[in-house]
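The same chain A turns up in both complexes below, where it pairs with chain B and then with chain C.
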Partner chain A sequence: MKKYYIVAKNNFQANLVYRFSTYVIFVSESLVFLFFFYLWSSIYSSGQQIGSYSLREMISYYLVLQFLFLTTKNNGVSWEVGEEIRNGELNNNLLKPYSYFGHAVSRSIGRLFFCLAVYSLLYVLLIAFFRNYTNISLDAFTVFMFFLLAFLGFFINILVGYLVGLSAFWLGIIGGLSYAVMNITTFLEGGFVPLDLLPRYLNIFNNFLPFKYVIFVPISLLTKRTEFSWELIVVPACWIVLLYFLAKFIFNRGIKKYEGFGA
Partner chain B sequence: MPAILVKNLSKKYEYLKKEPGVMNSLKNLFSRKKHFKNAVKKINFSIEEGELVGFLGPNGAGKTTTLKMLSGIITPSSGQAEVLGHVPWKREPTYQKQFAMVMGQKNQLWWDLPPMESFLLNKEIYEVDKRRFQENLDRLTKLLKVKDILHKQVRQLSLGERMKCELISSLLHDPKVLFLDEPTIGMDVVAQKNIRDFLLKYNQERKTTILLTSHYMEDIVRLCKRIIIIHHGTLIYDGEVERLIKKYAPAKVVKVYLDREVTREEAKKLGEIYELEPSLITYSIPRKNIKEATAKILSSSLPVRDIDIGEIRVEKIIRNIFNS
Partner chain C sequence: MRDLAHKLKRYWRLMWTLQKINFMTTAAYKQNFLIMTISVAIHMAMNLIFLKVIFGYINNIAGWSYFEVLIVIGSVMIIDGVVWVFGARISALGRNIQRGLLDGMMIKPMDTQFLISFWQCDHEDFPRIVIGGSLVCYGAANLGLTTHAILLNLILYLILLFNATIIVYSFNMLIRTTYFWTIVDFSLHNVIEAFTDISKYPTDIFNNLFIKTLFTFLLPLAFVATVPTRVLAKGFDWRLVLGSFLMAAIFFALARKFWLFGLRHYKSASS
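Up next, the complex of A and B:
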């Protein structure tokens, strides 16, 4: 296991090398949040209600959403895996006694912890500053469960990205597919609008998919729109197991087609 | 039992052909034709433990494809191979812990971090204990004289420095078999020599079986007793380097750089001309006469600026094999 820990640690360190991009994100994230803050304030000022969301709840949703985009959703797994297959860098992993899946996941975990370490500070500041305009739970149990759910969502997201990346074994380049999958899943995760604002039939369909556990469910818990129940942990955990075995199966199929070009 | 055994090994690649131009690219969106290329055709050889064998051939001959099959990266289309008693493409960890592959054109080190971080990662991947890791690291850094660059970012290293670090990184677990794919490619003469000296010494000390591909004849002549030549996927020579040289490369190439143009008549007096360019004469001179021939050239009336002695190109050797 220690080898995967080192991969994660090395990735954490490699991210620290380029400090400038971190600074830029600090500034741009704050600006994007301000933009949303004023947008929703002006929409709600005419006295209208959007679905069951109050202004407070809407601002809270987008604040937590931004945080998840920057942390658990912030991974380039599909792109990294696709590129490594395309340009033959996968060779490095095939030569050594360690799993490529483990490598891809631990690399993403390294990045996740880097993002958490750096950007949590920004969000603590934003939440403190806008506390009178938001509805975010500060109860220790809820916050802990939020992070647990977000972590499960992170794995679902990684596995889906990994599967899309593996399609490079057959497609060569994953650009088109990756873009389509990213847009559709982000929508189904609740990454564009809260899912309970969508038509009922769409939500029924979505209930058979794992995506809402990536964004919508963790946010609903933290913004006090959902009560905690064990189902919120058990269902995504089952999805992770299922997706893991699917990924293993697809990798073993793809590797037979692999030609290790570019080396 | 030989360390490496290859029987009727073949690899057929599938590829798509595309004519140039935007219209043809659009056409390709709808219909594509599959083509096949036989990169390696039924090759056979075996290598004993501790041998250092050169695998020579021009670009695209099938060298790298063969190494990829032996290291388990790709599965052959047909045929068999065994390395240390394992079928490589099963990718068993017990096999993977006993070999290493270094590719001159590929980077296995973590780009944004110092090489030491990659070494520590390999220590865990190959489960090398602390003492053995430290011993190997000390010995290798001393042999390659790289102590001062271990803590510099990989992307800031020169090509030669990086290759030395690649070698260290892949030797930390004492592999019994080492595959080297063009380890000196793109390097200057001094860096090439350093790598060669190291490999020779390492092979003598550790008795590691080494299969080395190159398209520089120089590499092979300096390092290997035995050479295997592959051309268009087929083995065309497997035997002693000395015999090959005697039979197919009896002459060396002497390049004479001049300050002004000379006529063919003038140049011809000093030896057999291999190629003549305005201010560069390339002579083909028998090995045993090199010393006197170069002395003669230097003391002649030719306006010599520089002189360079090397091996003939692999393409020429292959032509000689086919012509004989």
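Up next, the complex of A and C:
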């Protein structure tokens, strides 16, 4: 376990080198939030309402959504895995005494903790500044459960990205597939619009998939639109186990086809 | 004058040669091209569903109808597509500086900014232009204008869209030139993405004067898609047309000056 901890720590430290990036993202994300704030304020200003969402709820949704985009959704695992397979760098990883999957996850965890450490500060500031326009729960239990659910969502996201990356065994370049999957999953996660605004049949279909646990469910909990229940933890945890075994199976199939050229 | 014409011809020919070479690379990965085309269509569908959901509850966004917003989104897709198809290498500028790969371009007997701008072309993004164009045509056909008015406005729209592409390209260059000092390759990409995302909506949503000025002149969002769409929907407005030309010229000149300034500070990281 220690070797994975070191991989995660190294990734965390590597991110620390680029401090300037953090300042830039602080500015760009504040601008994006400002944009959402004005977009929704403009829509609601003429007395119009979107579904059951009040202006406060809508602003809160997009504020937390952005936070998740920067933290639990912010990983390039599909791209990293795909590139390592395509250019043969995977060879180096196969020779080392660790599991390739564990290595890929550890890198992402290192990055996640860096992002959490940095962007939490930005979002605490934004929540404090826009406190009159949001309804984010500050109750300790809810905040703790939100992070727990977000962490489970992070693993679902990592596993899906890893599976997409593994498709490089067959496809070579996976840019197109990665982009398609990213768009579809982001949509089904609630990354474009809150899922309860979508047609009923889409939500029924989505209930058979793990994606809503990545964004929609954690946000709904933090913005007090849903009550906590153990089901919110058990279902994504089962999905993680299922996706893990699927990833293992696909990796074993892919490695038989792998030619290791380009290294 | 003859020298200038000869130079322009040389650059034009080089640009198309680079396009051809890049197309051959794209053709080597046919599956990826096909998947990318589907991906772009999916991305467009997601944007449309978002709009449909919003417009299922409301009639307009800051006075902009569904079809007008559709044109704004289509316009951003076209510009985004053009920038990627012709100048995908710009996005790799940070990596080139970090690894000293810029040296190879600097010693070539051509303008380095030109090479950085056209060296790599992502033809996978071509469907973005086609799909964006289809959205614009569909939106324009539903604006309730006469065929004559649409055609006339469309010519103006295309000119302003060209200006908008120059603005987006220049903004890209302005931001990415800072890599000469920061040597990083990911955070500035967020700024460009944020810029593209925000320009997908009419800038009339900003009712605060300070914010509106910020998003019009400092970050010239208004001239990216809002102004061309307004001209397409409402017809010629000399202030908007003049503003579009001015902003394109100013941002291009700024980007060029800043690029040359940055290039003088390039330290090269290669062996």
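Going forward, the second predicted complex is superposed on the first by the 263 of 263 C-alpha atoms of A that agree within 3 Å, B and C clash if a C-alpha of one lies under 4 Å from a C-alpha of the other, contacts with A are read in each partner's own complex, and residues count from 1 in each chain.
In this text, contacts are C-beta pairs under 8 Å (C-beta built on N, C-alpha and C of every residue); 3 or more make two chains touch, one makes a residue touch a chain.
As the structure is a computational prediction, the values presented were derived from the model and not from experiment.
Colleague: Is A:175 in contact with chain B, with chain C, with both, or with neither (first, second, both, neither)?
Modeller: second
Colleague: Using the superposition on chain A described above, determine whether A:88 touches chain B (first), chain C (second), both, or neither.
Modeller: A:88 sits against chain B, while chain C stays out of touch.
Colleague: I'd like to know which partner A:29 touches here: chain B for first, chain C for second, both or neither.
Modeller: Second partner only.
Colleague: When the two structures are overlaid on chain A, which partner does A:2 contact: first (chain B), second (chain C), both, or neither?
Modeller: Touch status of A:2: first partner only.
Colleague: Scan A:198 for contacts with chain B and chain C and give back first, second, both or neither.
Modeller: second
Colleague: Figure out whether A:258 sits in contact with chain B (first) or chain C (second), or with both, or with neither.
Modeller: First partner only, chain B.
Colleague: Taking the superposition on A as described, I'd like to know which of chain B and chain C A:10 touches: first, second, both or neither.
Modeller: first
Colleague: First (chain B), second (chain C), both or neither: which does A:96 touch?
Modeller: First partner only.
Colleague: Quick one: chain B or chain C, who's touching more of chain A?
Modeller: For chain A, the partner with the higher number of touched residues is C.
Colleague: In the superposed arrangement, what residues of chain A touch both chain B and chain C?
Modeller: Touching chain B and chain C on chain A: residues 18.
Colleague: Can you list the residues on chain A that touch chain B in the complex?
Modeller: Touching chain B: residues 2-3, 6-7, 10, 13-14, 17-18, 88-89, 91-92, 94-98, 256, 258-260, 263 of chain A.
Colleague: Can you tell me which positions in chain C touch chain A when the two form their complex?
Modeller: The contact residues of chain C facing chain A are 29, 31-39, 42-43, 46-47, 49-50, 53-54, 57-59, 61-62, 124, 182, 184, 186-188, 190-191, 194, 197-198, 201, 204-208, 211, 219.
Colleague: Using the touch definition up top, name the residues of chain B that touch chain A in the complex.
Modeller: That would be residues 13, 64, 68, 71-75, 91, 93, 96-97, 100-101, 103, 105-106, 108, 110-113, 117-118, 120-122, 124-126, 153, 181 of chain B.
Colleague: Using the touch definition from the top, list the residues of chain A that touch chain C in their complex.
Modeller: Spelled out, the residues of chain A in touch with chain C are 18, 20-22, 24-25, 27-29, 31-32, 34-35, 38-39, 41-43, 45-46, 48-51, 171-177, 179-180, 183-184, 186-187, 192-193, 197-198.
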